[in-house]
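Take a look at the structures below.
Shared between the two complexes below is chain A, which pairs with chain B and chain C, respectively.
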Partner chain A sequence: MALATGGVVGQRRWYYPALAAPGIIWLILLFVLPFYAIAAVAFGTRDQIFALPIPAWNPLEWQFETFTSTASEFLRSGGIQAQFIRTLVYVVVSVSICFVVGYPVAYYIARYGGRLKVLLLTLMIAPFWMSYLMRMLAWVNLLSVKPEDPGLVNRLLMTLPFVDHPIAWNSGTVSHLTVILGLVYGYIPFFILPLYAALDRIDKSQLEAARDMGASPASTFWRVTLPLSKQGILAGAVIIMLPMFGDYYTPNLMTASPGNTMVGNAIDFALQGGQGQQPKGASLTLLLSAFIGALMIYYLVSVARAAKEARR
Partner chain B sequence: MVHHPRDRGSRGLSRRDFLRRSLAAGVALPTASAILAACGGNGSGGGDGGGDEDLTPRFGTADKPATLQLYDDNPAIASNLEPEEGPLVLYNWEQYIWKRVLRDFSKKYGIETKVETFYNMEQAIQKFQSGEIEFDIFFPTIDYLPKLVAAKMLQPLNHDYLPNLKNVWPELQDPYYDKGSQYSLPYTVYTTGIAWRKDIVPVEPEELSASSNPYEIFWNADYAGEVGIYDAYREALSLGMYRDLLDQTNLNESDPAVIAKAKDRLIELIDLVDVKTTIDGAYSGIPEGKFGLHQAWSGDIQAGPFYATDPKKDAPLFRYYWPARDGFGGTIDNDMYAIPKTAKNPVLAHLFLNFMMDEFNALKNWSWLGYQVPFNVVNPDTIFEESYPGLEGWFVWDYEAPPGKHWDNLKPTIVTEEDVKIGKRAIGLEVDVDSIWQDAYSEFKAGA
Partner chain C sequence: MTTTEAATQAALERPAVVAPPKIGRIRTFFANPWGKPRFLSVWTWLYIIWSIAPVLIAVQFSFNAGRSRSTFQGFSMQWYQAIWDNTSENFDETLLPALGQSLKLALLTMPIATALGVGLAIGLARWRGRGAGSANFLMLFPLVTPEIVMGASMFLIFSNLYHFRLGTGAQLLGHVTFSISYVVIVTRGRLFAIGGDYEEAAMDLGASPAGAIRRVLIPLLMPAILSSFFIVFAISIDDFVISTYLCAQDCTTIPIKIYSAARNAGNPSLNAIATIMMVLSLISIAIAVLILSAFNRRHGSEASAVEDFARFEI
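Presenting the complex of A and B:
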């Protein structure tokens, strides 16, 4: 009997970890290996005729000149430093707007959606069945400045008494707003969905308990709902921040102005626009990954802490 | 890389392009590239190479023409061979040859013709080098031609198969980048000039011609929000150089101070006119009215009527000016055909080149492409009115023109043999010099 039990335990020891195998294989093939390829290019050399990258697959042969010179560019004002700061501002502002706009939407659907929950979620996601590029190009036309044929947004604005000419959405200071709105529009559903899931999971009896203890509706929200949805906010923020940091086509499509380029544009140029710049592009990719990695570590620590608290 | 009109990359998409491209989108990191046996070269021009084989790319200039190397172990094919059975495979920029012309060739020789495409030269060279793709005809840019020859990736041409080369401008039958056309034949020719819409920028070409510096128009704050330049580092920085140096500009400049000055000129454009960098701004942006003024390849604006929302209204508004014709300096370039050493159908490839050197076939291709062919028969004074027998009304500048009329305002987009003599060309740069150009452009693009 004891032997039989031991056999079952032995089987179980392998059974559940084995279920993770597809995920692990997936990660190795589509994350670890490509990431290693990027490192091999960043730390590799170039051939002297075509200036094409020669990846250094053996870490003992890695050379760090390109990487360190690229990293030092972040310390010099102008150039990549300006692009990095701009990217940071765009992402922080965009995520904040996603929070301000997305939280009430997720809250409403989770708390008051009732039987219409699925329908509301579907309607919210419906525009996103279209390709990202298509939606951005639609915005380009909606925001068009052409004096004789302004876009819909400008036509609507010009019905207001104090707007007498189309707003140049792709020029000057306003262009920053345009890119940020493009980012918000492009990614907001991916913020709302995990947040909705977190809000939907909140046990209503906890809210009722707060009210029973004399908390006002506002106080209940601030002291119960909001803290309990923190993980959803963080998850949503992480999900949208990652692609935003690497984005380069939103500024390309929305304004095409050097004043709006992000780090992703610098990587795009190094990898595709120039000759022999792939090691620099790969170095930029590694540096950006390191920065995002640091943010991810904060997220993971925060999740672990929340899980620990929940177990108490 | 010298930027190419058909290099659409990922930096700007026309409406027509984006759907197709969104399917193929994605940045592929180059995974591996074979180390060339010919890796010893330092990328500098000239030299006879001493006693050993000369594996250094020879970059010719107008002042110092280059005869590309011939190698004993890379001979041209023999004369009078029978053509292979095909299929003939072309490796070309996307939408850069008319399928109807290919069909004509297939019909004539009873073989199949296929086109494989690439998005930019780097991608093409990587696949070429790794043997990932097999083809019979290649379309290299001028900066890569000497490198491909030095790497023995192209085969010399046997001119016995190419009697029609006589139809090409003498200047390009024996071009300075490949004396004697040993490895290449010219395909299309185009100038880099200034394109604008008269309704937004109320200036006539004559006014630019009479001005002291036509390039200053890009720095005119009156046109803020309307100005675009190509998102291509050599073209963009060249504009910055022309702004100060006009005809003294050296498109292959190696002095960091001159390159930095050009970069500063471009940075000025950001605040002054809120400049945009695009690839489609000339060929679709000007026709659609999204831009009032754009740096432009002549072929882009020649095809403008096709992209206009309302060609009858818009096409008469297009203007094009190439400052070199008035002594201000300007860029010219031409594309070329070559046959890879590894071609499976080298005889057929030669026959194809000769077919494309035929006047009718070449002009038929141009009529669709908008990019001109450098042929003797092209008379800039009459080509608009007289067209070419059998191609009347086919040319893109006749698109939607009223019966019997032509969009004459596009005449300056026609390139002449004289233009080839006066135009400046960007050739391949040494890797280190190229990095200076690219770093300068990156700084401009950072918008700092």
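Presenting the complex of A and C:
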């Protein structure tokens, strides 16, 4: 029997990697190598006559001209630096709002959902599976500023005695709030979900123990519930920060104003702006990836650790 | 008083906590956190209304008899007719091809991504050798990479190295690439739940590894495979960034159409097409949930499939 099992184990050694191989090869060809293509284009040169990009596939031939000039733009005020600072502010403010709005929701459903839990969860997950663009379109309709057909929000506001003209959501200071509203609305379900999972996992007896030991409900929350949900908060924050840093469609849809553009808009503008702009777009993409790389790795490492603990 | 005494004291005082003095609701909440806090329930329902109402309003205006997207002038199906009826006065000939392109991409992505993802999930779960760890790590990366980075990287390699013409083919390759990881996660969850015993038993009874997987594991995994199918459909039909970056011409999908027309087209046919798409993706997710919950019930699992989905994590 031992011999027979040994034979099967020997067969298994190549069989499982072979099952995984097509997927792995696919991801290498269409996910890993394309990353290298960003570097090759960013560090490549341009055709003198047509300004077509000539990617440098050999690292020994890399030229850093375009890349350094793009990177140095971050040090000069205005332009890309302003977009970068704006992106940071938008992301930090939006994530904070997601936390303030989302934590009580996740907490309530996890702890007090009761008989309504499945209904509440279904309603909470529904936006998760609706097209992001459909949800943005809904706000574009609501916040429309067209004089001949103002959106519902302006119509409602104008019934108030002290609002006599429609508010221009897409210009001035208010436009920043419009974009932040769009970002929060778009990404908050992705924040609440991991947070809910973390809160739902908390063993109720730990809270009872804290209460039995004399902790007040408030200090039970601060000293037991909140620390135990920290992983969920961090996971939720990182999982929404990553796409927010690469977002360009939300500001474009919500206000379409140059005063609200983010780093993603600069990348999009360069890459869609003809082949001559490709090295610049690639350089910006590299810089963005480097900036958020730490966040990505933090998230993946913490997820891998959690999975290992769960399997134990 | 020692700490033990303090704890005993606190434990003895608990009955007083269960029947709190009536000093306002906030006070009641803090006195008895196991009761239902009204503030939290109001907050949660307000959040849910805020998160869903705008979309419902957008759906409502797809049935508007007028052109306005803010005053409802009566029920009409004219904006739906504008999609397919070329005699309609608002007929937009670009909407139907866009819907077709979205459906074509989603339907083609489903089988390819599911096959690759299920193979990858089984392989990674059972393969204990060197390389398994890094393959696991690699598989998760597409989930955390911002779409613009993925879109840009594929755009650059297709146009500069593979010399692959941008269009439906490129879009299909892109959609499969970001869908694989979702399939792996859904399948892997089931694989851990099933465990290795059934295959071991099959192989002890003389099945080859391939036979054990084909005749034992795949039937057990069927619910996960089917729900992956529908999840892939939903995420493919909703994708915007990758589709845009890998499209040159004649490959406009519905999200691309919504994006380019949202700010200027002043008519509700956009709402109509967005509603159709949303219904399609919600139906496919509902099917995925139903499949999983039927499976859970048959196996006497307590948790509902909706809760499984809520814990849907990387």
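Couple of notes before you dig in:
Keep this in mind: the second predicted complex is superposed on the first by the 253 of 312 C-alpha atoms of A that agree within 3 Å, B and C clash if a C-alpha of one lies under 4 Å from a C-alpha of the other, contacts with A are read in each partner's own complex, and residues count from 1 in each chain.
Quick note on the criterion: a contact is a pair of C-beta atoms (placed from the backbone, for glycine too) under 8 Å apart; a residue touches a chain by one contact, two chains touch by 3 or more.
Since the structure is predicted, the reported quantities are computational estimates derived from the model, not experimental observations.
Of the two partner chains placed by superposition, A:92 touches none, neither chain B nor chain C.
Of the two partner chains, chain B is the only one touched by A:269; chain C is not. When the shared chain is aligned, chain B comes close enough to touch A:51, but chain C does not. By the touch criterion defined above, A:304 lies against chain C but remains apart from chain B after alignment on the C-alpha atoms of chain A. In the superposition on chain A, A:163 contacts neither chain B nor chain C. Once chain A of one complex is fitted onto chain A of the other, the partner contacts of A:19 are limited to chain C, with no touch recorded for chain B. In the superposition on chain A, A:135 contacts chain C only, with no contact to chain B.
When the shared chain is aligned, chain B and chain C each come close enough to touch A:38. In the superposition on chain A, A:277 makes contact with chain B only, while chain C stays out of contact range. More residues of chain A lie in touch with C than with the remaining chain of the pair chain B and chain C. In the superposition on chain A, the residues of chain A contacted by chain B and by chain C overlap at 34, 37-38, 41, 53, 55, 131, 133-134, 137, 144, 146, 149, 248-249, 252-253, 256, 268, 271, 275, 278, 282. Against chain C, in their complex, chain A makes its touches with residues 5, 8, 11-13, 15-24, 26-28, 30-38, 40-41, 53, 55, 57, 101-102, 104-105, 107-109, 112, 114, 117-118, 120-127, 129-142, 144, 146, 149-152, 155, 185, 188-189, 193-194, 196-197, 200, 211-214, 216-218, 220-221, 235, 239, 242-243, 245-249, 252-253, 256, 264, 267-268, 271, 275, 278, 281-282, 285, 288-289, 292, 296, 299-300, 303-304, 311.
Against chain B, in their complex, chain A makes its touches with residues 34, 37-38, 41, 46-55, 77-83, 86, 131, 133-134, 137, 144-146, 148-149, 168, 170-172, 175, 248-249, 252-253, 255-261, 265-266, 268-278, 282. Touching chain A in their complex are the following residues of chain B: 1, 9-13, 15, 18-19, 22, 25, 27, 29-33, 35-36, 38-43, 57, 120, 122, 125-126, 129, 144, 147, 150-151, 224-225, 228, 231-233, 270, 274-278, 281, 289-290, 431, 434-435, 438, 441-448. Chain C meets chain A in the complex at residues 6-7, 9-11, 14, 17, 29-33, 36-37, 40-41, 43-44, 47-48, 51-52, 54-55, 57-58, 61, 67-71, 115-117, 119-120, 122-124, 126-127, 129, 131, 135-142, 144-150, 152-157, 159-161, 173-174, 176-177, 180, 184, 192, 203-204, 208-210, 213, 234, 237-238, 240-241, 245, 255, 258-259, 262-263, 266, 270-271, 274-275, 277-278, 281-282, 285, 304, 306-307, 309-314.
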